[in-house]
Amino acid sequence: MSETSTAQRIGVLTSGGDAPGMNAALRAVVLAAEHYGMDVIAFRHGYEGLLNNEHIPLHAADVAHVLQYSGTIIKSARCPRFKEDDSAKLAADNLNNLNISALIVIGGDGSFRGAHHLSNYWSGQIIGVPGTIDNDLFGTDATIGYSTAVAIAMDALDKIRDTADAMDRVFIVEVMGRHAGFIGLKSAMASGAERMILPELQKDKPLTVAALVKHIKRVEAVRGPGSYVMVLSEHQWPGGAVALSEQLEAEYDMPCRPCLLGHIQRGGPPTASDRVLASELGVHAVELILKGETGVMTGLKAGQLVAVPLIDTWTKKNPLDENLLRIQHEIFNPVKKPSRS
Amino acid sequence: MSETSTAQRIGVLTSGGDAPGMNAALRAVVLAAEHYGMDVIAFRHGYEGLLNNEHIPLHAADVAHVLQYSGTIIKSARCPRFKEDDSAKLAADNLNNLNISALIVIGGDGSFRGAHHLSNYWSGQIIGVPGTIDNDLFGTDATIGYSTAVAIAMDALDKIRDTADAMDRVFIVEVMGRHAGFIGLKSAMASGAERMILPELQKDKPLTVAALVKHIKRVEAVRGPGSYVMVLSEHQWPGGAVALSEQLEAEYDMPCRPCLLGHIQRGGPPTASDRVLASELGVHAVELILKGETGVMTGLKAGQLVAVPLIDTWTKKNPLDENLLRIQHEIFNPVKKPSRS
Amino acid sequence: MSETSTAQRIGVLTSGGDAPGMNAALRAVVLAAEHYGMDVIAFRHGYEGLLNNEHIPLHAADVAHVLQYSGTIIKSARCPRFKEDDSAKLAADNLNNLNISALIVIGGDGSFRGAHHLSNYWSGQIIGVPGTIDNDLFGTDATIGYSTAVAIAMDALDKIRDTADAMDRVFIVEVMGRHAGFIGLKSAMASGAERMILPELQKDKPLTVAALVKHIKRVEAVRGPGSYVMVLSEHQWPGGAVALSEQLEAEYDMPCRPCLLGHIQRGGPPTASDRVLASELGVHAVELILKGETGVMTGLKAGQLVAVPLIDTWTKKNPLDENLLRIQHEIFNPVKKPSRS
Amino acid sequence: MSETSTAQRIGVLTSGGDAPGMNAALRAVVLAAEHYGMDVIAFRHGYEGLLNNEHIPLHAADVAHVLQYSGTIIKSARCPRFKEDDSAKLAADNLNNLNISALIVIGGDGSFRGAHHLSNYWSGQIIGVPGTIDNDLFGTDATIGYSTAVAIAMDALDKIRDTADAMDRVFIVEVMGRHAGFIGLKSAMASGAERMILPELQKDKPLTVAALVKHIKRVEAVRGPGSYVMVLSEHQWPGGAVALSEQLEAEYDMPCRPCLLGHIQRGGPPTASDRVLASELGVHAVELILKGETGVMTGLKAGQLVAVPLIDTWTKKNPLDENLLRIQHEIFNPVKKPSRS
């Protein structure tokens, strides 16, 4: 990478909680940049590395076989101090000193807020690539990592079903999702869970233990003895699955087992969906730079690549699919008794 | 199921090559039917069972925990004799004798042709649900089973990469797809394959061994020694991967290993995507019956549920995603040398 | 199964916590019994079903394709009341009334205590088959389910490593094992964990948070910044992984994430080792009946099938492999600084 | 690594067909060497790298997180010219010039023959570590990679069962094993295959198509219609699974599908068994060097670490487990009709 190169130089970093597929997005950025004759500089450890000038050049050979692995080869980090003005100014200086004219930020809403903050102090192009398992960004049907998180939660729920069924037992399985029910809804539906507790369902009418017990008993009455698996989104019950499970046992003498899937939802081989989405969005990010765009996130809406204003991604809400919600909550495991003609 | 029941009675069958997610679709049909107060009769072994009057009632308990398994609990079969007029007439009689007013056919284009044929002799409603790994049906962005087939092919390609990389070797991996490149394209992209041979790419300019060797050597020249993995769609080379591999060794002294993934692409736990899609389409099929529709296939286009005339599903062509094709073929592993400014 | 049959009739049940491979053992019992001309009666829900006379005949067709699934098709249960004398007498009566001359109990130490208790009131043969993920039975190198539990824990730890590495973070992963460190040791070694806390290591010198922090810092000093994954056996820290994690953060300002694998360790497809072991032990159990044995558990020691007095299985201790312990604890991640010449 | 270092320096290489777990063995060698104060030099591409002086130092950080991946980070290769005397002499010179006093060879019988050949020209210590999926080495109950190959074959067979069962179809699945039936036997047993064709079973009485058809029909007669899955070891039928399948269709009009698992059996995450075995044997190899041993392979027999003369590993035969053979072939799927009293 000669200093006299006249090729456009772009920077890239992965930021915030890591998401399966970040490596695939990174690879796509590097291969597309190479295709279009641009150089790529990666900052390690997200914005921390941008502030600390911890950077490395990335070539095709460096990303040859990384798309099959979760995590991020350039590491990620949270960087609270990036909210400060001095940090943004320092980042701008570092970018300018490296002759970087565009920066691709792979991350979630916190990372995009950071990118927006940086744009007040830096005149280069900034493109966001949605990388978060939570799928809570407006402007794209899916974020990178969401599909894999659902797949892992589903796989765990399948395993839970085996033992729940052997013992005719109730299980409460806590999944990730931050403040959105995407992982909860899809993993519940994909695993045939009898019940789900999602932020979107709790908003108007918070669940009570009594209502839950009533549902458990009705399912047993209708379908006969067997297992009952509930998917609980994080932050939807004080003390989580462990506390709710203890309440069921203490108050209703109902044997119940809690499970906390936790960070296993962020690892393992990314799904094909995540790898393909990451590949597409990574290339699109580079092509948005070529088109002169800035301050946007690349997304996929109804099969079409789109560019969404960064600020929209966290100020507007990505809603759950109403039809899936209806099917899982009203048809497959109706909370109310279905009214038949 | 009393004979005096006045509930509407619907029939269901799975037909043709089985696809992961057929059980999930079946479960959705049964749960939705129960929700709307309809009875379900399943015919075993596809149209064969319809002709042989091999039928069983299906209730919610029968499909309680089947969505996590591939295959089909009511069995599938190919039924060449169903093309005959007498067969369609016999099927119509059997359906009428059972007081079935609507039939849901879960299968691929052959099964839908059969359904269309039946409609000439039977006045009940007929709804198709797209169940085939090949994704070669017009009118839906994805068929049930396609996602799982891609996932399995990708998983196999990941394993191949491990050994290919350890030995710096060339591999040719043959995947399914009948006459379409969907599985080939997505699994090649998802696994970072260096090359793919798809019907859609072969149409205008069939591949030659010389061109392939040239590409292998160019990739090595650009990226250094290493593995090279090619995804070959079935029917795209006389004798398949084995023959092509032998030609590379015999004509160019290039060590090469073939792999035929075969029917493993039809088994194992269906992906979350397939389970959710199957659930959605199964419910939609029942709701289309309630709306009085007939002669249509349920599909998902750009996130919206649609009803497509059955006849369109095989007379019109479902094209590959041009953007994915471009990315994988021209950007990630360019066949032609990229022209840089 | 005619009442006038002169074939020997054996009973079988699965009891206590379910273990992956129980179905394979059950299948082996049924196929071996059929081979030797014996009838099989299964009691559902463990000893509960024996007391409630909940029994079904089992034939080869019933177990045709069950060995690939965890759980148990005849259900399991815990049965505290079986400790009472009246229960054992009732069970004996039920067995006698069914003309059952031998009973195979697939389960863990609690189930074998029950079997031993029963033997005081029943004169039939009793054979134990070791089915528990904990591997805490004397007399066999491995119990059915142990290999699968380790495989699942390892898979989860691999996923944790991905995200731990992306963020250079400390994780504490709690695994099952009741009062033995088998799952902890093998999963720690198989996943390359930096540390493990097992009952066997805690006995003489309980871990302190200070010692743990010291080790974390030394590993970082020696190997550079990176992830640190600790495997914690259940019951080895008050409050478990969550509490220990909070202490590390609160007392040492060391960011740390807990994970509770829980019951996912009991599900999913059993490993080949568990299926083969279960097949071998299930057949052996039947052959021990033919040889007139009673009051023994079938086991595999150093590759040889053995019969171990039931009472030994819980009164004697199955020790951890000292060499594995040494390698993982002293060579791979030495707690003390290695002394070099 | 200073030239004046007085630490003992050992070399290591991986050779021949790669096997899952080679990386875990390599890591164990490096960590044990570091523990005992020795330096490690790795030769890339097996004996080729030894001849070409392609070597790199390996430290703990280099192998930090490699045990979860198949393949070999130092690459493997076959090296036919190593059989020549000049090659062995050149290798000896290269080793001496690097002050290497002991060489650890991770590979199969071909690699051990090479090691033995080298020992005629080099006076350093040579220790073999059994790394091959075929398990065809005398002196160890299991070779590194065998467990993973079985696991992958079993997983593929599970998938095949799903589709075979949906269509009531016959499948012939060809697995690896070179000239031994280990993978065939274990994967057949673990997947509940109805039949297996292994070299050990073919020796005295080669299979005929007529006998196979007879067995297929008898299984169907006894157990009712359903799937029939046969595991075929490679080299046991002219033209393999494809040819045998075609013969069944052509001669007996019996629909049949072939599958060739091929090299997928060498990839993916190694099983826990392989990782633990590789860790144990890798450490043992280093400790054998410290004990002054040479010309031996490290192995695990009946749970004990052993040192086997290299020459024995290929001149003596590792037999199949007779009991497993009997169970799978005579009890689970008897070829002859069982004689009952």
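All chains are identified by letter, namely A, B, C and D, in their written order; residue positions are counted from 1 within each chain.
The criterion applied here is as follows: a residue touches a chain if its C-beta (ideal position, glycine included) is under 8 Å from a C-beta of that chain, and two chains touch if they have at least 3 such contacts.
On a predicted model such as this, the values are computed, not experimentally measured, just so you know.
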Chain hops separating subunit C from subunit B, counting only touching neighbours: 2
Can you tell me which chain lies farthest from subunit C, using the average of the Cα atoms as each chain's centre? B
Distance from the mean Cα position of subunit D to that of subunit C, given in whole angstrom: 28
How far is the middle of subunit B from the middle of subunit D, if each middle is the mean of its Cα atoms, in Å? 35
Distance from subunit D to subunit A - Cα centre to Cα centre, in angstrom: 39
Tell me, which residues of subunit A touch at least two other chains? 155, 158, 161, 165
Spell out the residues on subunit C that touch subunit A in their complex, using ranges where they run on. 14, 17-18, 20, 22, 45, 69-72, 75-77, 152, 155-156, 158-168, 171, 257-268
Along subunit D, where are the residues that touch subunit C in the complex? 27-28, 31-32, 34-37, 60-61, 64-65, 67-68, 141, 147, 150-151, 154-155, 158, 161, 165, 186-187, 189-192, 222-224, 226, 269, 271-273, 275-276, 279-280, 283, 302-303, 305, 321, 323-324, 327-328, 330-332, 334, 338, 340-341
